[in-house]
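Structures incoming, each one as structure tokens.
Both complexes shown next keep chain A, but they swap its partner, so chain B is in the first and chain C is in the second.
Then we have the complex of A and B:
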């Protein structure tokens, strides 16, 4: 357990090795992938060692003290290692390593998923000319996240927090030649940075009160009431703003869907174990701070609740498979935040744990689909991410299909898969805390979640093979409400106005050929490749992750087998049995959602376009994500850039030309005039001399 | 002669040697300059690592008679504040000499002036005598006029003249303040006028500066030095000057010269006139706060790479002013560390901009696009400088800003909030710049550009390694800075 620090250090070492050494070698791509994967596997090994130590400790404690032991949260630190970092005056800044069950859990999730995602990337990124850089940054990303979960000092946490943000920036903008990708990367970094302003100020407030960034000392001070309540509340809300940015909570969620610009394995990692998980983790880690303030908790619960339903409604209408998943992530993160906000600590973190597996799996499946659609749709101007141009893939990509279904069913929360247990825990927790609004919103969101996931499944894997006639429809076909069919294609191709809602919109971004040279091989004119299952190096990780995606939730079965709640809890453990009412309600609404998707997208009894046509405004609002991007763009153009222009103009016109150049000009002009006094004529000098003497004489006489 | 006098003498001797060399031997001239600045760097490393922060105070002290009749001695020494500055100057002049290899026009005069300038800079940081400090200060400032006006670009005569006039105006204020100190010490019973910095901070001598005296002369010293530190609203020489100056001069200028001003503010204004500091600090703190936000917003609106960095320097030096004016130990230590960090990062910035400007003959951000594809090293180095500038943890700027902000929160929490917001603005303009110029589709117009040359690579690598080392392990810097900030804060009675 003392070697937990090795996990981030191994990955960071891999980054530096790749950047300094691997890239100089002729086989830089292979070497860097090898080094990175070896490092992350090493980190997973570290996790296994730490985990077995922790398990021994848990069993030992349980045996020695009985179930009532370890009520005090801090005594549950399995390891607390405190190293001085630097010191200024009387303030010491420490590099503190903490291992408790929360960090053990995160250590496992991060290293497991990161390892499999990197293996998958070998296939996905094949042929990219910056393959080595991809793996290097993936290593740094893992290192930062592993460091984050082990940090026991807020300043240290903040350091890794920012590094996680940097790595997402680098990976989202990995294909930077595409202007949109560079913009998306920038947006991710700047948006999360806005949340970080809050986080930083919040931490500074706590520092002012306690003189330290050490988490345990700050929590002690809060518990002992040494910090004034308003400070705790303010600091709590400010620190939470950091999580709002990082975990894509309303209203700073806008960067997360755009972050799909990165390669799909990156999306998988960002949306499961790193980056967005960091925000939820922070709320869990700093829970004693939030729990001490009802206002802060209420704020957290409100933001989480809004986010959960808000993002789920957007996901209903999206066409890009990755965007559907992205809004799903935002919604699910809202679920977790909501749970933490109502005080269901264990449930919120449990959902983060189960969600990591099935969401990573969903993204990797989506990547597999996109990977096989790219050559098919290449040259048609259609995005390979667009579910409307997929269809019928289940027979062509059976592994992807089945793993996608497992993950979706789990996400939808159908008994007995993983997601059911964590979702149920959240709903039961909300109900137990008497939080009715979150409970109802949770149930509605469960319905929406099941609906949009099965909409995606039907559009992608069932129905007609619509990619066959993608070439027949002009690229700027506009907004389709319903997926095209063989019957509708001539209409769509001919009479655009029938199907088109807003022409010129939603231009699919296809990948630049230079970035993906592999595409060129398939793009034989007149002949398009057909979708096929991905190579084993991609399919195998899908199968492996499918196992925890399905069953990871089984370690949190209330009343039966619930080691999760025993290990990760806030305050004393309380035994709760499964509530049959809550469980059946949540499963029933999920089934209803699946049913509705079925009758709309598989057996079209209800026509989706009829619904869209009956409420065009609502449909357009959802499709355009409530116009948040537009509003922020307006804010940036009209306020931020205007301020910038104003400052720059003031600087040039007022301060420089006015205050600085004017006196300079006056001096110059004065010199210009005064030089005419130097005439060189003696009689003029003599005259001035005499006038001077007379004046002085007069002054002496008049003012004695 | 000890380390310190050799640090001053080496560039000066090199300048004389270069003047004696024939004009045709351009490479000998470059090598002499590089060797001399390399020796200086090594010596400054010795001084930095040789400084014993546990003992504190002035070390490596040397003392020579100069003008005994006036009580002027040539006393040299460094404390925990000046030792990092000496190291900074050593690093910047060495890297600056390396990247100046491409200067072909009047190489001899260029290097001679550059080296004389650096001697002056070292003189200011090492001097324990106010008279010599001022003398060296002028030596550091005046060659700048010629360096910009002769080797510069973009309205160079205007910029050179404005810079010189403003800085000389500042030094007039400083000179008045210094003479006042000198005369006032002479007014005592003992009747010994003194230019000695250690003596001026001696408690018995301190009693000679009554409150009114301090109130009158503190702003003269602070504004006088503040002009050189580009303190808002006396900053306008700085963006123009940076833009007009040739690359190595921009590096020295933004990297080191602006720090002379801040150093003077700390050493003479706050250090010697504590009561004046207490009274005036809030006003100058407000100037600093305005500068940090205003500089950041102005930078966002710029289209010329060098102007972005120029305004960014105004913003970052605003943090230094804030840190000093918090009169808190954490803030002041942060300010000194920020002087070091900003010096390194901005030298890196200007070195890189110079590398691209010499080939492209333009610095318009808008017409570059996708440079990352053909210039990976250039973009990588530039990104590190940018990330340091926006305060990314792991790089030196983060620790500096952290401490300044903590100090500000201790004393003026609202200003602290503004300063943190300014960092978010910084992130925005730095990333906008990078997204615009380095990412996006590659513009074939720039396919002729080559990546950084070997000499530039070495210079950039030294600066990057320094940024990372100081950011990851700031303890040696901070212990040192701390040991010498503490007495100043004690005299001022600030927050410890």
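Then we have the complex of A and C:
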């Protein structure tokens, strides 16, 4: 336990080693990957040691005092809590680390996923000319994230909080040569910063009230009622704003889908499993603060509920496989925030735990698909992320397919995979707290989740191999493929013979039989690249992560085997048996979602484009993400830039011309007049000098 | 023993002569000499106070020695500058040295 600090320090060491030493060597790419992976494996080793310590501690105390008393105080260890980190005036700041079950769990999740994702990156990033830099920043990120989960002092937490944001920025903009990627990185940085300002003000408010950043002291002060209730509420909401920004909650969610511009391993590690979960983690870590204020809790629950359903509806219509997963991530994070907001503390954090595995796995699978689609669609002007240009990959990429299905089923919440247990815990928790709206929204979101995940599966892995025809359709023409129009059949050579759907409209996985000949004819001959399974260095991590993605939830089976609820809870443990009603409701709606996806995208019973055409307004709103980007752009153009122009005018006219230039001009003019007093005659200066001294002497004598 | 007042009056007279010299003379060399007079008036003052106020200590005397030393250095520098000025302008009249005004 005392060695928990080694985990972030190892990764930070790897970062500094890479940027100082590795880059100077001729084998910088290999060396930096080796050092980074060794460091993160070391961090995983540290986790194993800490975990076994904590377990031994728990079992030892449980034997002595009975299970109920075991986890309360004895399992929380503070490191470095009385050594000052630095001192400002009368305030000392400590770099306290907290080792309790929550941080041990996060330590495990982060180091495990980070290690496997870095191995995967060896394959995914192969040949990139900044390969070494990728691994260096991944190490820095791991260090910051491990530090963040261990921090027991809000100031320390804030430092790591910003550091993970920086790494996110660097990695989203990893391919900054493309302007869109650089823009996405900037957007992510600025948007999360809006939330971070709230977090900072909230922490400052708590510091003003208590004179410390130590979490346990602040929570003690709150529990003892030494802080005014309105301050607790205000600080709670402000601190939560940090989580809103970091976890992509409504209305600051707009950066997360754009963050998919980064390399896919980054999306898997940072923008699904760890960093974006840091907001949820913060709410969990600072839960005593929020729990003390009903208003703050209500606010959290509201934001989470809105986010959960709002993002899930957007995910229904997206074409980019990574954006589907990104909106799914936002929706699931909203689920967790909602659970924490209604008071289902254990359930929310349990879902964060299980979600990390299957969502990371989904992103890695998506990366594997994109990796194999890239050469196929190369030169056609089609995005390799576009599910409409995939199809039929099931037989070509069996490992990716099966792991993707496992993760999707888990995310959809089908018994007995891990997503079922955590989602069920949230729904049961919401019901137990009497929160009807979150419960209903949770059920509807579960339905939507199952639907859009299976939509992605069918479009990607089943049906026609639509990528064959990518070259037949001109770039930017939107999609195939409904029916040949009468007019187009005798068209001139090179003209488009197939009717294309407008961008953003849905297709079934199977082509209409009558379109095929037209397409076959125009499938460009000689375009022989075909999708294939990714190399083992990418496939192996998929298989390994698939195991916890499927079974991680088995440590939270209520009433049967529930060490998770025993270890990570707020307040006394309460035994809850699995509610058969809630469980069957959640499984049934998930199955309904899967069924709907099946009849729409696999078996051509309901035509998705017909549905899209029947509600064009709603479809377009969803496809354009409720026009949030446009609204923000309008806000920035009209309001922010206007305010900025006003400030610039005030700066130029009032500050610069008035306050700075006026005194300067006065001084200059006065100098212009006064310079003729200077005669250059030494004895005149001496005379003035003596007169002055005499006068001063007289004044001192006369007015003592 | 000569009373302290006598010494002080002597020193004040010496200082005033020096002051008059600084203000009235036009030759840089004579101004330097007048400055020397003022410094020596101060040194006399220091020695007098040292002898009358605290005969056990020598701080005033030591100070006087310092004043003499500094005066020598200052005069050396001052004369060197005057020499340079003379070489360049063939005059040491301070009224002519007014190039730096405005």
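Methods note: the second predicted complex is superposed on the first by the 584 of 704 C-alpha atoms of A that agree within 3 Å, B and C clash if a C-alpha of one lies under 4 Å from a C-alpha of the other, contacts with A are read in each partner's own complex, and residues count from 1 in each chain.
Please note the rule applied: a residue touches a chain if its C-beta (ideal position, glycine included) is under 8 Å from a C-beta of that chain, and two chains touch if they have at least 3 such contacts.
Only a predicted model underlies this, so the values are computations on that prediction, with no experimental measurement involved.
S.K.: When the two structures are laid over each other on chain A, which of chain B and chain C touches more residues of chain A?
M.R.: Larger number of chain A residues touched: B.
S.K.: Look at A:224 in the shared chain and tell me whether it touches chain B only, chain C only, both, or neither; answer first, second, both or neither.
M.R.: Neither partner.
S.K.: For A:701 in the superposed arrangement: first (chain B), second (chain C), both or neither?
M.R.: Neither partner.
S.K.: Check the residue A:581 against both partner chains and state whether it touches chain B (first), chain C (second), both, or neither.
M.R.: So A:581 meets neither chain B nor chain C here.
S.K.: Could you look at A:186 and tell me whether it touches chain B, chain C, both or neither (first, second, both, neither)?
M.R.: A:186 contacts chain B only, not chain C.
S.K.: Looking at A:91, would you say it contacts chain B, chain C, both, or neither? Reply first, second, both or neither.
M.R.: It touches chain B, and chain C stays clear.
S.K.: Touching A:674, do we find chain B (first), chain C (second), both, or neither?
M.R.: Neither partner.
S.K.: Touching A:660 in the superposition: chain B (first), chain C (second), both, neither?
M.R.: first
S.K.: Give me the intersection of chain A's contacts with chain B and its contacts with chain C, in residue numbers.
M.R.: On chain A, no residue contacts both chain B in one structure and chain C in the other.
S.K.: Spell out the residues on chain A that touch chain C in their complex, using ranges where they run on.
M.R.: 675-676, 678-683, 686-687, 690
S.K.: Where on chain C is chain A touching in the complex?
M.R.: It comes out as residues 19, 22-26, 31, 94-95, 97-102.
S.K.: Please name which positions on chain B make contact with chain A in the complex.
M.R.: Against chain A, chain B makes touches at 162, 165-166, 233, 236-237, 240, 294, 297-302, 311, 329-330, 333-334, 370, 372-373, 387, 392-394, 398-399, 402-403, 405-406, 409-410, 413, 416-417, 420-421, 423-425, 427-429, 431-432, 434-435, 438-442, 473-475, 478-479, 482, 486, 496.
S.K.: Show me the residue ranges of chain A that touch chain B in the complex, using the header's touch definition.
M.R.: It comes out as residues 84-91, 155, 158-160, 162-163, 166, 169, 173, 176-179, 181-183, 185-186, 189-190, 193-194, 196-197, 200-201, 204-205, 207-208, 512, 640-641, 643-651, 655-656, 659-661, 664.
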